[in-house]
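To keep things simple, chains are lettered A, B, C and D as they appear, and every chain counts its residues starting from 1.
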Amino acid sequence: MKTFALLAVLLTGGLLIYGVEDMPGWGDPNSPPSLHVSPRYIEKTMEETDTPDMVTSVLADYRGYDTLGETTVIFTAGIACLLLLRRNRQ
Amino acid sequence: MIIEYENVIIKTVCRLLIPFIQLFSIYVIMHGHYSPGGGFQGGVILGASFILLVIAYGLEESRRRISLKALTIYACLGLFLYSGIGALCLLMGANYLDYGRLPLPISSIATIRAMGILGIEIGVGMAVMAIMISIFLAIASYETGGEDG
Amino acid sequence: MNTFQAQAAILIIMIPLMSSYAVPLIGWRWKGSAYFIALLAIAASLVCSLILLSSVLTQGTIHYHLGGWLPPWGIEYVIDPLNGFMGVVVCIISFLVTLSSKKSVEKELPEKKVRFYTIYLLLFTGLMGIVVTGDVFNLYVFLEIAALTAYTLIAIGKEEAPLASFKYIIMGTIGACFYLLGVGYLYMVTGSLNIADLAQLLPPLYRSKVVLTAMAFFVIGLSIKIGLFPLHVWLPDAYTSAPSAVSAFIGPLMTKVGCYVMIRVMFTVFKPYFSIELIPVTTILSWIAAVAMIVGSIFAIVQSDLKRMLSYSIVAQIGYIVLGVGLANRAGLTGALLHILNETFTIGCLFSVAGAIVYKLGTSDIYQFSNLFKRMPLTMAAFLMGAFSMVGIPPTCGFFSKLYLILGSIEARQWVFVAVILISTLLNVIYFFKVIEIAYFKPRQLATEKEKEILKVVYANGGTYEEIVKEAAPIGMNEVPLSMLIPILIMAAGILISGIFYFDIIAGVIQFAIPSSI
Amino acid sequence: MVDYVISKYNYWIYIVLMMIGFYGMMGKRNLMKKLIGMNIFQTAIILFFISIGVKKGGTLPVFMEGATRAADYVNPLPHVLMLTAIVVLVSTTGVALAVLLMIYRRYKTLEENEILRSIR
């Protein structure tokens, strides 16, 4: 079991290291994520949502639906813990 | 099982700290537009203040003050606030979560959007606070064979 | 009506989601209402999905911009024929399974109904959210909703359920994290999360090592999620120990939705020529699938528990679907999609029958099934129909999906796969025949505890052997309640109908659902 | 070579963390340790996402007067995605802890091989 785990870990690590070669360097201001979608969030946040904190404006407005899903995840966890651990009064 | 620990220092410090923690959590929720923060962070801080209360005063005492059923209802209401704002946008003829059409007496669409964001942050804060406490209570009171109160 | 049609894409998620928040609120006062809220919400979702499918087929792909933001910036729902088809399949089966769940939930989880149905609705929401979304990260969020609810629902089952659930949590998290890592890698080289946008931005980058790694992580992660052969270890334990209502719900849907995501990633996010020619993902997958078909069936033969047998049979059936995907030609994909339809009906039907048997006998041990055909004729008729479809006997849908898979293998000149499909079919016959033999031909034994109780009473009163036999026999026909029986029969009928009208289904829906560049 | 290693140091850190977490999930015998491994694993992914949002010369993504160019701020999108992923991590951990409590009550241990022995 342990050898198998070690093998799987080394394989995954090898795959990850293989992928690093073509990645943009750390803090590269010209990497694709910095150029493609995110500039609009940064430049238009005041104009479109009147919210200086871009994380909040993306979280709650541009990608607000993800946040609904995320709140639902935590709601699920809460109800799940109650379902698993509480026993109703007989 | 978390039992009440007779120690004046812990109780007094908690009693002094908890209101400030709660005030800070509300600040974090409301100030999410201008600084790092928002519904999740504020909700978690608010939940942590109640958890501190439970740790200091023991499960038995806090069971009398905090009801799991009420917490579930808070969580549902918070989520209803969130999804209800979205549904209100639907009723106003826009797409889901398109806050721009919310019926608020403000002329600028961007400001209406900011108000919509505030609304959902409050909903998220309520839900996260309630859920955090109920996860903690469910796990902490399992050994005693917790029953619904 | 027109606005309703335009908003159907979001209502399909919003109705069950908001209902799941309402269940604890209303269930606080009226505990019995939980089941009806769940049923109504899923029915409403079913209506929306039918409207969506019909409007997709007549007017083309539907785009719905959440929050009114245009695609690469906001989240978008895209419904094309593939989505629409999957949505309808998921909704129909969920509706039928939910309909039949009432009695068995009342029996197995009497005090937990409200929270159970909350989680149940959230699971349905998660599955539908995966199906309709057009954004890779949004897909991850709903994948996690579906996974978390599934962990929970499995953990409330009988004896070893928590352990099986924990194993599933570990494996499922690895799968989801690999998927998330794939999303991150794609995001790093393109800067986008929208599926359509990614499909446009990726082709010049196909030689990039990052994209290759991302593809590898997508495939491994999703293979864990669907329980493809060497990564299936969590699946049988989890599905066996779950409560009956849950395994009837998760069994047919969870893995199939995972297969849908796999098709979506391989043929929509990436262009088909990347998955087929540049790196041989499809070839590797089809060989793994072939092994899965054989090994899953062999494991199924040696099981003595009906639910565990069906779980291993799911592993084999996943092999069929992935084989169809891996063949990557039109006939193969048609077979795969038809098999998804057929499989949800068949597995749903068989697991519901298993639930009905557990409801009546209190056990799913195959060797206790003697004389079951006399006692529960209608349920067992449905079981027979499911078994026929699984084996692939002509009027049922299973025959046609296997036929298309064989045609696809021939078209790809892979004769080995033809042989594998035939061998796996033979193995299917063996394990289903074992059940049928015991249930039909084996003379009755004193199977259930209840009968033993009766006999003890008779024996204690000094009854003769004849009296004992007479007392034990009366359980002549003892069907499950109608609320369980009717959905099972509808599912059995669905197997037959989808078999008879297979050509209309292919001509009307499935042929549009296959990516056009294949 | 050294430049190459240094310019991508964030990736090496996350890869090592991820391998540690992955080994914990797969190789450890204690269920609690598996759960801790899972947390490390997910944290590694969070670290990875955050590190791809960094821009040299960028400040935190809160709008300030006088800085309107996109290059002035770090990329906010990975932060948003990771807020979601953190919540998912917390929720999964919560459910897993609940399940572990159930396992502990049933078998009185969290060692995998002892549990398997008691089942057989």
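Going forward, a contact is a pair of C-beta atoms (placed from the backbone, for glycine too) under 8 Å apart; a residue touches a chain by one contact, two chains touch by 3 or more.
Everything numeric here is computed off the predicted structure, so don't read it as measured data.
Of the two interfaces, C-D and A-D, the higher number of touching C-beta pairs belongs to A-D. Here the spacing of subunit A and subunit C, counted between their Cα centres, is 27 Å. In this assembly, the C-alpha centroid of subunit A lies 10 Å from the C-alpha centroid of subunit D. Between subunit B and subunit D the centroid-to-centroid distance comes to 24 Å (mean Cα coordinates, whole Å).
Shared contact sites, meaning residues of subunit A that touch two or more other chains, fall at 16, 23-24, 31, 33-34, 37-38, 41, 46, 52-53, 55, 59, 61, 63-82, 84-85, 87-88.
Contacts with at least two other chains are made by residues 17, 21, 24, 66-67, 137, 141, 144, 148, 151-152, 155, 187-188, 193 of subunit C. In subunit D, the residues that touch at least two other chains are 22, 52, 62, 77-78, 81, 83-84, 87-88, 91-92, 94-95, 98-99, 101-102. Contacts between chains leave no pair untouched here, as each chain touches all the others.
Listing the residues of subunit D that touch subunit A in their complex gives 7-12, 15, 18-19, 22-23, 26-27, 51-58, 61-64, 68-73, 75-81, 83-84, 87-88, 90-92, 94-95, 98-99, 101-102.
Against subunit B, in their complex, subunit C makes its touches with residues 3, 7, 10, 14, 17-18, 21-22, 24-25, 28, 64-68. Taken in their complex, subunit B has these residues touching subunit D: 34-36, 40, 135, 138-139, 142. Interface residues of subunit C, counted against subunit A in their complex, comprise 17, 21, 24, 66-67, 69, 72-75, 111-112, 115-116, 118-119, 122, 125, 129, 137-138, 141-142, 144-145, 148-149, 151-152, 155-156, 185, 187-193, 201, 208-210, 212-214, 216-217. By the touch rule above, subunit D contacts subunit C in their complex via residues 22, 25, 31, 34, 38, 41-42, 45, 48-49, 52, 77-78, 81, 84-85, 88, 91-92, 95-96, 98-100, 102-103, 106, 115, 119.
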